[in-house]
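Read from first to last, the chains carry the letters A, B, C and D; within each, the first residue is number 1.
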Amino acid sequence: MTNKVKTVAEVVQTIPDGSHIALGGFAINRGCIAVSHELIRQQKKNLTLSQGVVGLDTDLLVGAGLVSRLIMGGGSLDRFGPVHCVNRARESRSVDAHDYSSLTICFRYLAGALGLSFIPVKSLLASEVLERLEAGSAAKDVQRMKCPFTGEEYLLLRALNPDVSFVHVQVADYDGNSQIHGARWENEEQAKAGRRVIVITEELVPTEYIQRFPEKTIIPAHRVEAVIHQPFGAHPTAVFQCYDFDADHLRLYVDHVKRVERVPEYLKTYVLGTKDHWEYLDKVGGLRRMNELKADRVLGY
Amino acid sequence: MTNKVKTVAEVVQTIPDGSHIALGGFAINRGCIAVSHELIRQQKKNLTLSQGVVGLDTDLLVGAGLVSRLIMGGGSLDRFGPVHCVNRARESRSVDAHDYSSLTICFRYLAGALGLSFIPVKSLLASEVLERLEAGSAAKDVQRMKCPFTGEEYLLLRALNPDVSFVHVQVADYDGNSQIHGARWENEEQAKAGRRVIVITEELVPTEYIQRFPEKTIIPAHRVEAVIHQPFGAHPTAVFQCYDFDADHLRLYVDHVKRVERVPEYLKTYVLGTKDHWEYLDKVGGLRRMNELKADRVLGY
Amino acid sequence: MSGVRGTEIMAAAGAREIRDGEVVVVGIGLPWVACVLAKRTHAPRLTFLLEIGVMNAEPKDTPVGVADPRNFYRATCWTSFRDVMGMSLQRGVVDVGFLGTLEIDGFGNLNTTLLKDESGKVRYFNGSAGGNDTASLARRVIVIMRHEKRKLRQAVAHLTSPGFVGGRGRRELGLRGDGPHRLITDNAIIGFDPDTHAAMLLSLHPVARLEDVVENTGFPLRIPSEVPTTPLPTPEEVRLLQEEIDPKGIYLG
Amino acid sequence: MSGVRGTEIMAAAGAREIRDGEVVVVGIGLPWVACVLAKRTHAPRLTFLLEIGVMNAEPKDTPVGVADPRNFYRATCWTSFRDVMGMSLQRGVVDVGFLGTLEIDGFGNLNTTLLKDESGKVRYFNGSAGGNDTASLARRVIVIMRHEKRKLRQAVAHLTSPGFVGGRGRRELGLRGDGPHRLITDNAIIGFDPDTHAAMLLSLHPVARLEDVVENTGFPLRIPSEVPTTPLPTPEEVRLLQEEIDPKGIYLG
């Protein structure tokens, strides 16, 4: 059909400062790393960032100072450590953080994806998470309500419609039909809630391949504005059935960012000091390293 | 894991009169025919029946007089004709019919499947469909509301949680993990909204097969109470990649039921006159006919 | 081209209402035929959605209904009602909803639920299915039906799917999308005034006579001083319809 | 069995809280270890759900986090947050939510968001993720954590995931499920009074001393006159933990 293939630099050039960006990674899995790097290279400002469980992709953006508001359900780099940059930015209040839970972020996207402006949910009630939302700049996004049919107490959530949703996927065709292998967390909702949807794919396939497995298409072409073909685009996070996370580089990352003084060093070496993701990949070990990380056919990691 | 395999007769014996049953067919595709037949053989009474687009499975039940309330989005036997029994029952007011649309039935199930007691939707407003719901016994299930965040007008729908949801699937394992091939209409929501979930499967597979295609599992084992293994259980409707609809028998069916006097003749010959679905299949042409209907490997019908 | 059937003129006229690259939710029947024709001619980049959860199938055989597995062949996505009608239609990314109907009134309100005879006796039909949803939510709605006075009515017997109810605007009605855009019959193409939402004749098919159209339209129809003629289907369009899309005449016959 | 580690006692005690055939939503860490142990011993029919959208995986290697692809191996379903946390957890069919935490109070309220030092300086941690959802919606909640006074507190620094807030009942709080059921530490198993919801000691691990438990519990803890002893893990349980489930000691070490 059409050819929507663009480079990450071309796509990021179209994103104005102040945009609301949603990233599709979860901790150390399918992080939108190539996108985060390019946003940093192009020095975008004042971003609102939403994500279910923020991981390395968002930690980088916050560490680089691009983010002024965070809408998140949680955050972690799993056993490699916490999201140091995010947590530090929260402690210093340099970002306005709206804390939800995984389900409530997913439901805010779900409402957005379904074309609803609100949706009820049974989480967050009787918690300080909700009290803090109600007391801050997120107050406009939450509202308590009794079900008109049962009288049960609910939280109503305002739909979340990011300006641009990025999702890293295993397979997409030139037209944007995108297939995710393994667990999908809130990616379907996060993508379909987006006003603009950009997929970053490990592999670019002809539509004929998509037609062989049409039940795997999670994001259909008509919702996708651009396809970024970037193999190893999620390194050092994992992409199931493609490559494992790079434990060495994750430790190196955490070792840098756990102290605020060393964040610029990481950014300089691996992001600002590389002109694109290919150069980044060379710097972190190139073909030989990527081959070591390549997923086992049976295990998928 | 466990073995939940039961016969349709065993399952139907556990359904009390007055139950709310949801059937997973759509017009002439994946109709729960073996279930409808057995409900008729066991002469269940006073059923509430819900379905997105009612087809042959529901038309049979209504024609046999088992249904006192219908909750539906539409109804058709496609080019073979309308759902004569359903339409006639509505004209004579022998059933209390609640008319919705496909999306609003799907959303009532969706709310039920998500554990919500209500959900907003943007359909049915400014229509006589809604006015009729509000004027009848469905008034307790619908409510207009403005979005507290945007002021936009919405219809709130009460969740629909059938007592028993039946879905006809292509593949299930002994534990109930169920995979649907091709389009799924509202089956995921309809199943997961059910208090009890029963799948009727064309093929019974070991769990190892499910584990090879885990992304295809639409209804997971822990939601499934029983698995009915009934090849050709949807005849004369179609099951994608298994068999085509039986055009001859559909014409024969419509030819009978278009006149109220001839409905008992159909029921007597094909339902009450057969002790189970195998006998029914023999009566409608047996192995030779089923082989003629068998799906082409490439086309899937 | 005297051998061109009315259904073929309707299908070709319907196809021409679709622009390449648009997203369309399609009902079965002539809407389906028109959209397949559009896709195989000027609109190859059409996104073709069926409510049951099929995207962009390329049927080899004519399906007899929306849930006929013939509609699943070579699809790019097999999915669900929630996805197509929730995450595309209600999400607001469907450009065109293409529908058939039993009755229509002069504000594009549709009835697919029931008819009443002169004694008031009610006869039920298919109901809404995805019709109300599509009419309520698509950016523009195209309706295709035979031109009969008993079908183009002053008031529909049951308002199943809203257009400009009572002549009111869509926002005022709580609806999304821009509402009814075209009514394509075997005689004419009818549009709706952007301000008053009243029906107006846009073009007359070569085979039709203006006085028949006026006679067979049960609602007020504004007639322009010059009535354009609808282009006939091209020979290639007729060939596609007759030889490839509906060779058995399931919908065109 | 003097060589048995506290983490192994915790994992085995956690595993024993799971009944065969139950549906469990599991957080990573010791909850994960305990549930895998349960599944490989007395509860082979356990339904093992991960919030990210994995059902019943049989990991060959110990995952380092919930989104580690090691968690995807031999699953019966790869799906989504909407499905697991919406269509199972919020749907009300999850028997057990099994969680870790930074802090807990005597009514089973959990804090996974932030800690405050004596100067009031705040340090942020992972936040809720699926924790609040699980605590709000599972039928019963089991918490597993080290027994330290700074963790078992009179009041949590931030109420991330509600138990019996202020001693109130779950319905009164607008929550579903029966709330906190067990707190399993490396010293003891603690339950909650069905009426007052107050914490009460249920059993003491063989290695632990009652006075240490009292000393290291920051909230009032009802002590029965006879304190039962928690059974130690069996040799087979220890073998499974050490050789198969977490041989590298990622969570047990």
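Criterion: contacts are C-beta pairs under 8 Å (C-beta built on N, C-alpha and C of every residue); 3 or more make two chains touch, one makes a residue touch a chain.
This is a predicted model, so every value here is computed, not measured.
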Chains touching both chain C and chain D, listed by label: A, B
Which of B-D and B-C has more C-beta contact pairs: B-C
Whole-Å separation of chain centres (CA-atom averages), chain A against chain D: 28
Separation of chain A from chain C, taking each centre as the mean of its C-alpha atoms, in whole Å: 40
Multi-chain contact residues (two or more partners), chain A: 115-116, 121-122, 152, 181-182, 215
Multi-chain contact sites of chain D, meaning residues that touch two or more partners: 78-79, 82, 86, 89-90, 137, 176
Chain contact topology (line, ring, star, complete or other): other
All touching chain pairs, where touch follows the definition stated at the start: A-B, A-C, A-D, B-C, B-D
Touch list for chain A against partner chain D, complex: 26-29, 52-53, 55, 72-80, 82, 86-88, 90-91, 99-104, 106-107, 110, 121-129, 152-153, 181-189, 238, 240-241, 244-245, 247, 295, 299-301
Footprint of chain B on chain C - complex, ascending: 28, 50-54, 60-61, 64-73, 78-82, 85-86, 89-90, 112-113, 121-133, 136-137, 158-162, 165, 173-176, 250
Touching residues (chain side chain A, partner chain B) in the complex: 115-122, 140-141, 143, 145, 147-150, 152, 154, 156, 158-159, 181-182, 215-216
List of chain C residues in touch with chain A within their complex: 21, 23, 44-45, 47, 55-56, 74-79, 82, 86-93, 137, 176
Contact set on chain A toward chain C in their complex: 1-2, 113-116, 173, 177, 192, 207, 210-211, 214-215, 217, 220-223
